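For clarity, chains are labelled A, B, C and D in written order, and residue numbers in each chain start from 1.
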Amino acid sequence: MENVKISDDIIKRMENDRFIKYCGVKLDEIKPGYARASLEVQDIHLNGVNIIQGGVLFTLADFTFAAAANSRGKVAVAIESSISFIKGISSGKIIAEAQELSCKKTLARYDVRISTDNGELIAVYHGTAFRKD
Amino acid sequence: MENVKISDDIIKRMENDRFIKYCGVKLDEIKPGYARASLEVQDIHLNGVNIIQGGVLFTLADFTFAAAANSRGKVAVAIESSISFIKGISSGKIIAEAQELSCKKTLARYDVRISTDNGELIAVYHGTAFRKD
Amino acid sequence: MENVKISDDIIKRMENDRFIKYCGVKLDEIKPGYARASLEVQDIHLNGVNIIQGGVLFTLADFTFAAAANSRGKVAVAIESSISFIKGISSGKIIAEAQELSCKKTLARYDVRISTDNGELIAVYHGTAFRKD
Amino acid sequence: MENVKISDDIIKRMENDRFIKYCGVKLDEIKPGYARASLEVQDIHLNGVNIIQGGVLFTLADFTFAAAANSRGKVAVAIESSISFIKGISSGKIIAEAQELSCKKTLARYDVRISTDNGELIAVYHGTAFRKD
């Protein structure tokens, strides 16, 4: 994992996320205002019609968002998120990238895009973070 | 689990959701236009600051929504979802209830509320389902 | 307009909303945690395919939400809103009702439902307000 | 207004939007998968605390989204939209740009960003369109 000017505290906080570990999500990069994470889709990630469960896609996007939001130093928590499911897949590697739209004193906004290995868009996520003092 | 006029196919489809099983979510009730599911919060559900991960709450809400949306017979898939995180918790039982707002030929809408055992609201979810022919 | 324990300041602030006046929206009731507003659909409210413009429905819902959010005393501003369009109409009276989901120190959440005169649901809205000190 | 490969029918449909005309929104450009519109903020657009009403921002974003979604030929209607309010302003020109995220047989997704004349982001919008046959 590459890290530019990200404190050890933040890295530890992200690595201490037990649900993320349990789901198999990997944080691949974090820098100020940006994060990237990925997941290899396995059988445990599928729903009853054998496509990736919406909760898995949300978890991946939400964690990537949280990494980007926490990259700014203050502890940031999600208060509001929305996700659009564009394409259902059943296997392969998926990658989430979070981009910062705005970061103010109390609120920050990020867009996350989840794509397959070969760049096909499968979901988009928008999240609002509350930044604690 | 109580079931009123819900076909075995739908129950099987919901029970075949491997991510739901992996997360420990239980479907408690399904009837036309309604579903209820629950989860006992465990250590694997916590994030890096020791509160329940947003992805866990989303997964619980999304599954409850999917159960309610599929209760109408046609296969229904989520196309759009939003969630508001109201209160962070670290332990105990949480319950999600999905209520139908509308169910038309192609689109159906549901609200889901997640509460603690003693009725405190912790998250609200809104989902739109696409109903396949 | 009925008002229970709502200060004159808040009523004035709502009545001073020029866009609301321009659109023909009427505030019908405001009480702590609740508001109701209405609109008679006219030709100026229609879009290019002769149904009510989404912006009109949003404006009605958002104002009803703002009235309910401001009913608690503090100045409250919308930070995040979502709307689902359920049914398109071209005439008649529409009514929006805002219900409080939660109201905490800094954030408050409200659901708004827009219905026709005879109770048919045409849109649902969810809003998050930031409460200023 | 520049138009590339956009049929007269679509232009007429967008220009026939009476609420857009009433609000003073101008369509500045439309091409396949993209649209741009703008508005000069006037007194009628302000709310009770003298900042631009959320409904005005939504109307501008939603119309820009609709222009982009209809640029693909089929009649497209909004089914689900969300908006984040980033900065409140009281005057000046604002510009909305819609970018296509995906356009499939029945559903299409667009992001809209609203900025001031000098590029400051004031709101972001995400919309899902249903494409009729």
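The working rule: contacts are C-beta pairs under 8 Å (C-beta built on N, C-alpha and C of every residue); 3 or more make two chains touch, one makes a residue touch a chain.
Quantities reported herein were computed from a predicted structural model and do not represent experimental measurements.
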Fill in: More contacts between chains, A-C or A-B
A-B
Worksheet item: Taking each chain's centre as its mean C-alpha position, how far apart are chain A and chain C in Å?
Response: 33
Worksheet item: chain B to chain C: how many Å between their CA centres?
Response: 28
Discussion item. Averaging over Cα atoms per chain, report the distance between chain A and chain B in Å.
Written reply: 21
Discussion item. Where in chain A do residues touch at least two different other chains?
Written reply: 79-80, 82, 84, 128
Worksheet item: Viewed as a graph of touching chains, is the assembly arranged as a line, ring, star, complete set, or other?
Response: complete
Fill in: List of chain A residues in touch with chain C within their complex
79-80, 82, 106-107, 128, 130
Worksheet, complete the sentence: In the complex, chain C touches chain D at residues 12-20, 22-23, 43-49, 53-56, 58-60, 62-63, 66, 75, 77-85, 88
Response to the item:
In their shared complex, chain A is touched by residues of chain D numbered 82, 84, 86-87, 101-102, 104, 109, 111, 121, 124, 126, 128
